[in-house]
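Paired with subunit B in one complex and with subunit C in the other, subunit A is shared by the two complexes that follow.
Showing the complex of A and B:
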């Protein structure tokens, strides 16, 4: 058993190490188009119903795509700065990811709160289960089980 | 022509009324019959079910007839009918707008009602069956009424109209419009059956496990069609919409995902109740949640309160659905409270390292998942109501919050299938997880070797390896013991579904993290290169028919085959629809779209190329899920926990089940 445990320890170490390597290395450099796509998928098309600028074929979306492409190609602004710029021009409703300020922050905090509450429920259910260990069967219980077993075996033999 | 048209509208409307009356009388007969114990009255229930179904089929047929004969005296045909729509799309045009889709809901629900009635024909005297029929009939009556009053498909249109625009162009350029909506509805509407039995169990006080076992297959049927319908929707999005994505977190998509999430939680936690008698309140609550989410979803997306690409024009059905939603919730909560003492579960969870504890954790995760999707979907409404300000909550929000949930679920899928009921020791877990763990390490090493990076996708691939190992372990053990029969039954079929889910998770992880795209300006005769592939423009051609003008760029990819991304202008509606062209393979798809502006007979074209890794595995995974669901629906060799003999020889392999 001891040997088994060390194998598991080794496995976890190996996985941790490999994940650390994989998480820190980066893939091939992002193309400009990748940047444009990621920025525009964070922006809502102002004239359509619920589509992002990246998805939409509407004229307004095309105009914003061109503007984003222009700013990406000049290379002076970061992704966040470009998004803020578009937000200033069109208003808060073009952001597909709500900011974590004011009432909007609820959309971020409520999911976290719900996760914490449900984990608390889960832990409570488990800890209660540990306190209420079922008692050992009494002699009478065993007798009942035996009888039921004998009956059902007899029944299955008959059929 | 106009004279006969008036007839179609009148007949259709009359049939809806007949259906409504039939459903109301059916509910009435079921309730009074079982309360006064009169078999003759109860026998009437099935007649009313036949009547309601016949009326629904008739009304739907009248609508189809009106659509096929282009009966423009009906407002609905004026809205979505056109002489230029090809026959197949014209047939599907019936469900391409609000009124027709409610009519399809009525048709499918009346079919379910009749099917349940036929299935329960010998047991209709039992109070549980009779009450379940009553609930089905009441829901059916509600939908007949919605179709009769606020969403009337047979309303007369303006006189003198001789042709219409036809359905939305997106609903007339891919064959999936024939299949995706009906299949999705089969799932969406099908959750009414287990819900009806849950309410009947509460009303009659027979909250034991009998009704669960009885409706198991119905739940699975509805869940399977919901899964398949959602997957077909993703495929449609990918093949038609031209943004290279499969899921946009659009409110209508969320409305179909929400009952899927709670339904998935239910088909897991119901096992705990069957086996251990626990979680009774929770399971009934999940069924109530699943059904009421279908109603709430319909309210949110069909009343015009939320913006969505799927949304139909505004209509007055909002108040109807919201009231019905409130009634369903109030009645259910009242019934659960009333039966509270009967619902108290006899058992407790013995250990956190047990199958039932894993199911509980699964349910907690699914509940949080559903909460996040619901919150994100309605959050713009909340902000607008409180601060009178417009905001949007879109895909990036959902992606960011659901990826951790998905990874947590994959972790559970790795451990839960090897856990025995009641209690596991650390040694059991170590032995059983040994090979799955190596599968995970192999997956991690392989993905690193292929150049994968980033923590979330790598965790997904690793856990995908472990969980598929755990699923395969179950399937291998079962088939070794029972041969091919080992593939059948809930536990084994369930593992095939798990394999499908894992493929989808891995495919989503890869395609969301490693997609690349580039716009290319092509000139005929000069190939352009991107990501190791060559793209050469042959020419730009134009294809016309009487409803559209289509401009296609013919592009040779990798000097092998020609692909034709296109932009089609639907002249009657004045809308441009892009049609992508995809070179699919098991490792990665090349997805081409034509970018506006386009000119025919030009020697240049701008195209956008997306490289999407592993997308094909989404569709293969869907196939596995469908296959697994079918296998799970067959009766496996199950031990009956109530039979004492089944507990005779506790071998370690039996524990594994």
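Showing the complex of A and C:
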């Protein structure tokens, strides 16, 4: 049992470590085109539904792509600053990935909170069911069963 | 016993969230007709440097001191065509005013020749700004035309009207803004 627990703990630690490495790892240097593609993939086309600026052929999306390309080529703004510039003009609905601040942060925190609460409920339910397991029969119970069996065998012999 | 408390707590939290949502719904201001919201309202107007279709240089920041009206336009867009006579009336009215507003058309995804043809047929002698890359449209967050923006003499954005103008709307809004901001 103890060994089982430590295996689980080790697995959780390993998963956590891998997630942390994955989240903080910086990839190879991005070209300007990589930056443009990455920024426009995170922006929603303001005149179409469900399409990113990266894939959309709408006039507004093309204009945003050109503006992103222009700002990337000048090199004065970071990717986040360019996204903020577009957001300030077109509003928060232009962001395909909601921000982790203000009311938008609920999009990230609510699923985690509901997962934790659900896990807690599950653990509670399992531990309760374990507690309610039927206990071993007492000597008296065994005696009653033996007596009943003997009676039924005697009855069947008589008949 | 604990589960009873838990049910009460969870119900309380859900009720609180519902009340909060209702409160947000109640306090949020309804859209005022065509007059739209924008994060730019009350902010300095974006920098616009370019030229007109007649190759005259234009810089929005140099228009400070005057009320400026920008109308984003495309000659094939039906609401733009429908509202054009209202813009002509507006331009005529402002031309008679000593401190009249300056009206500019921002050409959105259209050719210079098509715009010239349209204006020669339908009137309107105000300057038409080129926006070939959509830089001005993106700077103002314009996704669809027509849109009309008013910028005050201090260079602050004061009004955004999305869609086709209704009769007298631009005049009424500009007069209101003049009273409010001078």
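We take it that the second predicted complex is superposed on the first by the 85 of 159 C-alpha atoms of A that agree within 3 Å, B and C clash if a C-alpha of one lies under 4 Å from a C-alpha of the other, contacts with A are read in each partner's own complex, and residues count from 1 in each chain.
One rule holds in what follows: a contact is a pair of C-beta atoms (placed from the backbone, for glycine too) under 8 Å apart; a residue touches a chain by one contact, two chains touch by 3 or more.
Every value quoted in this text rests on a predicted model; they were computed, and no experiment measured them.
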First, second, both or neither for A:67, with subunit B first and subunit C second: second
Partner chain(s) touched by A:88 [first = subunit B, second = subunit C, both, neither]: second
Which superposed partner A:53 touches (first subunit B, second subunit C, both, neither): neither
Comparing the two partners subunit B and subunit C, which touches a greater set of residues in subunit A: B
Partner chain(s) touched by A:18 [first = subunit B, second = subunit C, both, neither]: first
Partner chain(s) touched by A:115 [first = subunit B, second = subunit C, both, neither]: first
Touched partner set for A:4, first subunit B, second subunit C, both or neither: first
Touching partner for A:39 - first (subunit B), second (subunit C), both, neither: neither
First (subunit B), second (subunit C), both or neither touched by A:97: first
Intersection of the subunit A residues that touch subunit B with those that touch subunit C: 62, 91
Subunit A residues touching subunit B - in the complex, by the definition given at the top: 1, 4-5, 8, 11, 14-15, 18-19, 21-23, 25-27, 31, 33-34, 37, 41-42, 44, 48-52, 54-55, 57, 62, 91-98, 103-104, 106-107, 110-111, 114-115, 118-119, 121-122, 125-126, 128-130, 132-134, 145, 148-149, 151-153, 156
Complex contacts: residues of subunit A adjacent to subunit C: 46-47, 59-60, 62-64, 66-67, 70, 86, 88-91
Residues of subunit C defined as touching subunit A within the complex: 38-40, 46, 108-109, 133-135, 137-144
Complex contact set, residues of subunit B against subunit A: 241-243, 245, 248, 250-251, 306-309, 311, 348-352, 357, 360-361, 364, 367-368, 371-372, 375-376, 379, 382-383, 386-387, 389-397, 400-401, 427, 430, 437-438, 440-441, 444-445, 447-448, 451-455, 458-459, 462, 514, 516-519, 576-578, 596, 608, 643-645, 648
